[in-house]
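Single-structure report; data block below.
To keep things simple, chains are lettered A, B, C, D, E, F, G, H, I and J as they appear, and every chain counts its residues starting from 1.
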Amino acid sequence: MLFMVEMAVNIPHDMPAEVAADIKAREKQYSQDLQRAGKWPHIWRVVGQYRNVSIFDVQDNEELHNLLSGLPLFPYMDIQVTALCRHPSAI
Amino acid sequence: MLFMVEMAVNIPHDMPAEVAADIKAREKQYSQDLQRAGKWPHIWRVVGQYRNVSIFDVQDNEELHNLLSGLPLFPYMDIQVTALCRHPSAI
Amino acid sequence: MLFMVEMAVNIPHDMPAEVAADIKAREKQYSQDLQRAGKWPHIWRVVGQYRNVSIFDVQDNEELHNLLSGLPLFPYMDIQVTALCRHPSAI
Amino acid sequence: MLFMVEMAVNIPHDMPAEVAADIKAREKQYSQDLQRAGKWPHIWRVVGQYRNVSIFDVQDNEELHNLLSGLPLFPYMDIQVTALCRHPSAI
Amino acid sequence: MLFMVEMAVNIPHDMPAEVAADIKAREKQYSQDLQRAGKWPHIWRVVGQYRNVSIFDVQDNEELHNLLSGLPLFPYMDIQVTALCRHPSAI
Amino acid sequence: MLFMVEMAVNIPHDMPAEVAADIKAREKQYSQDLQRAGKWPHIWRVVGQYRNVSIFDVQDNEELHNLLSGLPLFPYMDIQVTALCRHPSAI
Amino acid sequence: MLFMVEMAVNIPHDMPAEVAADIKAREKQYSQDLQRAGKWPHIWRVVGQYRNVSIFDVQDNEELHNLLSGLPLFPYMDIQVTALCRHPSAI
Amino acid sequence: MLFMVEMAVNIPHDMPAEVAADIKAREKQYSQDLQRAGKWPHIWRVVGQYRNVSIFDVQDNEELHNLLSGLPLFPYMDIQVTALCRHPSAI
Amino acid sequence: MLFMVEMAVNIPHDMPAEVAADIKAREKQYSQDLQRAGKWPHIWRVVGQYRNVSIFDVQDNEELHNLLSGLPLFPYMDIQVTALCRHPSAI
Amino acid sequence: MLFMVEMAVNIPHDMPAEVAADIKAREKQYSQDLQRAGKWPHIWRVVGQYRNVSIFDVQDNEELHNLLSGLPLFPYMDIQVTALCRHPSAI
């Protein structure tokens, strides 16, 4: 079951650089684990912004929320979720 | 080069049913031709709306505009384009 | 799997009264069939508006889109879908 | 008398973790007491957000405001209230 | 129980003048009956707009919706409802 | 001359509790003095929010601005002013 | 007493040209009469739009509403009113 | 003196095709005359939309309004004007 | 050449009172100098807000930007600029 | 390939003046290098705002994102990107 997830990151300017670096490193690892597991099949950077557009493939809403709320950057993100389904013109 | 394209369709209520059916049939054909050509790699229906989220893969802005403005439903669409690029965490 | 669905109805002022009455009658029947089937467990009227707040309980996004796009009033509705899940404080 | 209440939580990033944990624990207790009392019949998590959609069942506006303004997280919430009533198609 | 109700009127330009005049006359009568009954204690015109700000005093949400949906101008109105209660500083 | 005034209060989270309490006490006194003087005939709490809807009755714009800018909470408020007049349907 | 009034004009495309010309001629006359009477001391065109920014000088809200609702173009305008007063830095 | 002008075109769906074609032909001629005269140094199509971003170089606000309000498509455009000046980092 | 300039002031709550007082005093002097020079012919306070509506009369965009960016309160202001010109109905 | 890029700068008020000056100096150098390289053919200041409108000429989305995310002021900017292409009326 597919969802488009748009994530905008807003790290406070007063966060110490090493704390930010650590969170980002854990975020990257977390994201790549989910990509390899097939849960996060697409992630694109929005040009000019600290923001991404992603596609998640999950069993249900519950799983999606668990995955998203577990993101190391979750407390610093503004996240929008859009439920998707098959388009009748898709080949 | 990837772009997210969001298309919302607003067909006037007074369009004759056979005109609408014809436009939609041509739209479907047009879309599937581009999908097969690899220009339109993803198209998803947004749940509960006459709207889609699509990913286009084009040579440049010019080609994207030509493809979009050629959509049979183009005069009845509200289209938003977002330039995408590779995400540093993408595997 | 639960979704909040907000539906605002905009029937064109020039729709003949008997056409509107027929669509509304079919909408009511359609809605009540889904309520009885357990797919549409809640529907509330928003006070002062031709709008409702509903909760749908479906197998997946696909089923939700099929149910919503089959609404007799669908062409005249502005629909917003919000994916829900269990709240950690829910008893 | 039913109301939809949407609560978005914005805890300041500089709140000490133990203070936040204490407020959240009291919030959970407060919410569950009201759920058991039948005042707060539904609470759902919005997927991907620190936000909930709730249904309250109260005697009047006064009672609703008292319940909401007494939430331990109230100073950190953005709350929207929508008055609901019976839908004519509800079974 | 008090509610602020904001009503903006949008009568279609192609409505025949005598139809509009009849609806407005019935609207005025309807409003004045409710004012005399104490259900609609305040109605003010917003300066420069075909819009009013009103205060309703009703038993519950159900009664408010019935009163508002019965307005002769209801199909041509955009209505916003805000639940009010006693302010702690009110004398 | 009547105005609707909507005031939303945003007290910074880091304001010391005793400072906030003092400002609020002065605000209450200030408001009640104006209510007794007939300048502020209505003040209602918006349910679920630290916000009020008020009606002011003043000689002119100048007086209204002086009253509002003198509010002890003025530096922490977001204020919207709407000019009102007699509605032709008011009894 | 001064007010800023912003007027955006939206004449329906299907209004016959001679009807539109007549309304605009009456609008111009009406506006110039009020300018000469000192009630409408400033009117400026917003560059690139069928919109103006005006300053009105009136006795009270009632008079302003009467002047605005009497505009021949009133049914085709979107009007915003902002109450003004003397600025403490004005010379 | 430079201005950014954003023009979105909304031609009514019921305009006869030959009328639309005539307006567009005159629009193109009008635009190219101004480009050749140096008044309209840049015009770009926004990808995926019937919209352009333009730069105008004019003597003053008056001239800009005259040029824009003379556009054959002006009655069908939504136009936004932004005043520009030299950037301190421009070479 | 005329422009409407709307300035909203947002002074940080933690700015020391004497710093704020100094900036405001310089702002007042700066504004009055420009008023006397005929560059800033109108400044009005928006009722109930720390905001003004002003009219500037300048040679060109460059001069307007220089005047505005030189405002002592500029770093704390949200400024909107609207290009104006003569209205065809102005007397 | 052309893009319009709108950059609004929001430097925190508590950033030390010398830090801000250093970032701005590096920003200016960075911008001028790209202008000289033909990558950033236009940059204009928006009158009255700490904001610019720019045109970038790049090979692809990837290059644009790299250029923008490398801006010394990037962490303090709100950036909007609009894909452009040749307008059919451009000479």
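What we mean here is this: contacts are C-beta pairs under 8 Å (C-beta built on N, C-alpha and C of every residue); 3 or more make two chains touch, one makes a residue touch a chain.
None of the values given here were measured: they were computed from a predicted structure.
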Discussion item. Quick check on the contact network: minimum steps from chain D to chain J?
Written reply: 2
Worksheet item: Where the contacts of chain A and chain F overlap, which chains show up?
Response: D
Item to complete: Quick one: superpose chain E on chain H by CA and send over the rotation angle as a multiple of 5°.
Response: 145
Response to the item:
Interface copy of B-J among D-E, B-C or H-J, with over half of contact pairs matching by residue number, is D-E
Item to complete: Please state whether B-C or H-J has more C-beta contact pairs across its interface.
Response: H-J
Item to complete: Report the inter-chain centroid distance for chain C and chain E in whole angstrom, where each centroid is the mean of the CA atoms.
Response: 26
Practice prompt. Would you kindly tell me how far, in whole Å, the mean C-alpha position of chain G lies from that of chain C?
Written response: 43
Item to complete: Mark out which residues of chain G touch at least two other chains, giving numbers and ranges.
Response: 2-3, 45, 47-48, 61, 64-65, 81, 83-86
Discussion item. By the document's touch rule, what are all the touching chain pairs in this structure?
Written reply: A-B, A-C, A-D, A-J, B-C, B-H, B-J, C-D, C-E, D-E, D-F, E-F, E-G, F-G, F-I, G-H, G-I, H-I, H-J, I-J
Worksheet entry | Residue ranges of chain H touching chain B (in the complex, touch as defined) | 13, 45, 47-49
Discussion item. Help me check something: in the complex, which residues belonging to chain A touch chain C?
Written reply: 1-3, 60-62, 64-65, 81, 83-86
Discussion item. Considering only the defined contacts, which chain G positions touch chain I in the complex?
Written reply: 2, 4, 27-28, 31-32, 35-36, 43-48, 52-53, 82-91
Worksheet item: Once bound in the complex, which stretches of chain F touch chain I?
Response: 3, 5, 12, 15, 61, 64-65, 68-69, 75-76, 79-81
